[in-house]
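What follows is one structure encoded as structure tokens, with my remarks underneath.
Order as written gives the chain letters A, B, C and D; numbering starts at 1 within each chain.
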């Protein structure tokens, strides 16, 4: 890297020059910021302004640029200098638009702008343009665990885009549950009849694809590595082991039907004439489109489907969730009977009929065929005569009644084959009972973290593939209960994410949400005390431990949130463009007014994803807040290192507001646990405050949503008032 | 047009809502060139106008921020706003697409400083707020608008207001003479992520939307709940600005109805369950009451948890009934007439605000799609016969956001497959 | 040659000296002014009305209505079959729809008609007089002959059921149809907002379930008073009869003081077109529309 | 056709019977129990079973309860239910059809006033081809006997006199009134139609 040459550019446009003394800012950038070049411009983001910067970079050897003007979120197209380190001082959204208008505020407004220029310069000098990983991982094959409908669809989707795929299937054949079904719920207009499962075609395409390798009767004995360089030991039943080198993993190992034996009151496991969906599919396959016969050979003349059997249960005995597909599946199976013989009495007993979207057409079609739907809740299924007697509450006719049928089908739910729940303690018997699917050689556990009810779903609504293990994607019913139509979309989507993961890995780029980021954590191992906080706290399981028990960073698993950096008590972890010093130097560079100035200084550490945009938008909408605050964006509140807090307190800051995302069950932190970790660490700040003889109110945290633009202004103003009441920090002048 | 030159290796994404942005970004982050066109002046689509998402009660703009940052940081995605597709010719792997770009009258110089808005007098119904408030005729579509540039409403072009706006702009961003442009581009695959529109509630006559002021749509209710919305987040009813305390949510307003939309719109049950929590939040003293009138509550998979929690909420009650009709009382209150079919109980229930959980209709319904495109009976896009064009998100099916982005991700791969095959064929030749 | 020729199907209530005789009289006067020639279908029979269902069943009802079409086709070829009565129009339209939809039903119907040497071809169109006025003459055309203004009289436009549902007049809404209001206004009167526009008067159940029906009627009249109406105007003979005739009953039983004239749109238009009270059938009102009579007398 | 008194619950027998014999009966199965019909009926508060409930009872096999219900007889033919039904069930017609079927089977409630009136109406109109309003009115008043008829007639005297005065009730109708020229043809059509329909239903006229 060539020698650093810094330059500061100060924009006086958008009214900045009218309210703020730009000459003073220039002076500060030169004298205090020690910028080699300092220039101002009345329209910096315009062609001439950008041209000026570009020229300095190209011809004057400028390597580091500090732009003081609008927020870092604005004018990103204009200020696009990818080879140059850049810091932005937010004079517009952060000062001009939020400080109250009027001459009486000129002084504090100017001080605020002055400080932001100081901070911008300080940050800039500690930054480097990320050089990227020189040794990126290049394997681009996709491993698919599970050879059912989802798995085969995913493998084919990858192959069709030019990527090799490896399928590892536990059983001796491809096809999964769909392969054991007579037909599937229709996935295209007119949504009137069951359609062919398409499984035979999928199997044929998989087998004939030169890009797909299939391992049958195989499981994963161990999976090591990271995106772009996974090594998976594929063990066959016979004991032989093959190692497959792959770049990304799709986990599509499906579901297990909820055990009907757990529903004895509905005849499950006790009555031979009570089956589940899978049992009925077997009977339908045996019938080959003809009249369906029971296991005992009797032709079924009447059948009842009991929906939500062992599902939507709030007693804690059965599955609490809805499996989503069962209404359509029962409709499909009811059609098996009606299509073969319209005279079969076919009743679907439901509580809420759940056939979203075009499923409504499928529902209508079943009614057209004479399937009777009734809103009711079954109480008991007992043997009666040659068949069953279903006692139920008829919710429409408002009576307890009963009906008789030759066969009862229980619409039980899907239980995810998600492997081990890694969050459980090792001695938990529930953990011991489960067999791992992926057998990841990760510090943080063998399988994907479970979101809820045993499914490996993403927690994010906007980002359904954001699992907590980069480059590993759960798909199909292991991710969320679903039907074939959804599984198909899911599998194709997951294939894309796997492809993206290998492409990212090959270039050393971060995945979402910091997609494209080339920085990655660097660690000074000589300073490391092997405290393991970084490995434990990493939300993405990116850090292992090497044989000497030092942290081993797997860059292509890392999402660049900086939680490890925040966790590190000895501050040996850093990013080239974001580190303890980039923030620390900003905290320490202020022109701190003395204790008697009545001008407190409040530090805001704001999550760049939500809180900082909220502050920006407070500005955009001109919600006035105190000019005593100085906001610094952080990648995640989880990257907050406690040294920043102690540094700030020691430097005489009067208060600190930490603004992060919501934590808890419905967390909104983009890095899963960052916000929670920050809160946890801060619970220990009290000791520091006590040692310094400071009030606990000097450090506060708030959960801020991106919509909280009015609220964050209010929080600031209330806090400043509170600090004024407590009094300014006695620490000033000691820093 | 500036930036990338489109080729038959380029993916065109039509629609800049969450599905379109997702499809564009997922393809671009796999290394593909993408052109993303949006009809409106800003990206963000319908979801940007929602206050919160179910089931986490998180904020749609949170994901929007991330997606915008991805777009800002990825030069492979080229965004064209105020742009519509007017024609598609050619075939899979080699389409010629005509784009029509409407004049924004504000160029790239715009810094979003707001001087033009101050200068202009004319006000228009704020499109972002469904007209629940007005905005200046020179406006930034919303706080997170991208591109962050103002727009001049066509109604002031040729008036003194436009001149005033131009005079007020210090950076020469306003171009009153800007004209409509037509551009032809070459692309290999097209993803239609044109999204959905709310079913026209006025057509559901017995509910009196458009006749009774206090009958509003679920989308309008989102704006009322939003602190950045027209009422500052207070649930004020339109007739008299009184805080609504006894709110009815009518499910299947247009959906599951052969007089209106044949399909189930999937999201509305969860949307109303979510909105009951806005009511709860708005009335911390517990004085807020929500009543959901439904046929079936369709809270599938773990959404069931959310449903069960709402069921436990004493401020929310459920009536299994499709409301027959609504009558307006003198005080602006509304009387809902119907029968609870669980056991047959007739009601005439008084509410101070009625929210219609309006159904989703494909936005593309009614606009001319290329002939090759296949739609289902409700007008949702199934894809093109030549398998080079794909529907994504709510353009393809009534989907919630999570499933829409999933669908968009899948569509991105399908488009990549087309590009891959085109490239392979051309290399081979 | 008249501007327009129609095959007129009066229906039982609108025959001479029947309960809607005043409707017939005023429609005739109105059509004269508009140059519409009403050619009565020779030897037409009752449509069966809705209430015919219990004894009639489906096919006999369809068959007797089809007989009227068959007669129109035979004697008045090419002319639309136009009714003034809601029930007649509905029966005609439903019958036509079903015969179009089901070849089986059509065959059975023709088998029945064959017993009288008739057959249904399906080449006429069943319409309501209001449709002829709005679609063929147009509001402008309806306004043209107006010579007297009904200024100062407030009307509640009561559409009722069967002129409105399930078919309704094209372009109108089920819940808030506007055409009566427009007719009132083009005649110079004032149409008051009215929330019982499409409420059911009880129909034939006015006979069999008088208590239940009279509750409906009470709502309809009361709301007209509440909205400041002087008179009610309607397109339906059964609505007219029920709402007018039972006011005295309701007064007697419930102590109300209803005295609200209930008129046909054709009566309003006839007066506005300069017709006499007799031409407008105003002498057929049980509750006299004195203010309208005054205007007609001027 | 099954005519067992109490068919087993949720067996298709009665549904099939309805589909075969009731006007538009094939649409009963399409109901999704939203209840908009029940809430739309002007006389809804007076009956025991709403249309949607009747449809559920048909599917549940409650033959006797359905056919003896008074619900169908409360229909004013206002068509609100038809206009609003999201499944486009022709509810008015189905209710009429059920009433007709129950009546033809002799199961409809005895003395149900609308049933009586409806029968009278049909007989009145088929007699001469057109409705004789005077005879219809008188017949209706006197359906419960002379005494009740006179009482009812006196009660409604005002109404009758009003119509008479307004020349909207013709006392001469008592002598015959309007009558078709080809009455024989008309009767032949009615008879033939009924014969065909009864044949279809397996009933004898």
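Here, a contact is a pair of C-beta atoms (placed from the backbone, for glycine too) under 8 Å apart; a residue touches a chain by one contact, two chains touch by 3 or more.
Keep in mind the model is a prediction, meaning the values are calculated, not measured.
> So which has more C-beta pairs touching, A-B or A-D?
A-B
> In terms of Cα-based centroids, which chain occupies the most central position?
Ranked by how close its C-alpha centre lies to the overall one, first comes B.
> Counting only Cα atoms for the centres, state how far chain A is from chain C in Å.
Centre separation, chain A to chain C: 66 Å.
> Centre to centre, by mean C-alpha position, how many angstrom separate chain A and chain B?
23
> Could you work out how far the Cα centre of chain B sits from that of chain C, in whole Å?
46
> If a residue has to touch 2 or more other chains to count, which residues of chain C qualify?
If we look for residues of chain C contacting two or more partner chains, we find 174.
> Which residues belonging to chain B are in contact with no fewer than two other chains?
As it turns out, chain B has residues touching two or more other chains at 206, 256, 320, 325, 341, 344.
> If I count partner chains per residue in chain A, which residues reach a count of at least 2?
353, 375, 396 - these are the residues of chain A that touch more than one other chain.
> If I apply the definition of touch given earlier, which pairs of chains qualify?
Touching chain pairs, listed by label, are A-B, A-D, B-C, B-D, C-D.
> Enumerate the contact residues on chain D facing chain C in the complex.
23, 42-43, 46, 74, 76-80, 82-83, 92, 96-97, 99-100, 103-104, 108, 113-119, 121-123, 125, 129-131, 133, 137, 140, 156, 158-159, 162-163, 165-170, 172-173, 178, 180-182, 184-186, 188-194, 196-197
> If you look only at chain A, which of its residues touch chain B in the complex?
Listed in rising order, the residues are 13-15, 43, 45-46, 70, 73-77, 80, 157, 160-162, 188-191, 312, 314, 320-324, 350, 352-361, 375, 395-396, 398, 452-453, 455, 457, 459-465, 480-482, 486, 489-490, 492-493, 495-497, 499-500, 503-504, 512-513, 515-516, 609-610, 613, 617, 620-621, 662, 666, 668, 670, 705-711.
> Could you list, by residue number, the parts of chain D that touch chain B in their complex?
Going by the criterion above, the answer is residues 32-40, 44-45, 49-50, 52-53, 80, 84-88.
> For chain C, which residues are in contact with chain D within the complex?
12-13, 15, 17-22, 43, 45-46, 48-60, 62-64, 67, 87, 108-109, 111-118, 161-162, 164-166, 174, 199-200, 202-205, 207-209, 212-213, 216, 245-246, 248-249, 252, 283-286
> Could you pull out which chain D residues touch chain A in their complex?
Per the touch definition, chain D meets chain A at residues 8-12, 15, 29-30, 32-33, 52-53, 56-57, 59-60, 62, 87.
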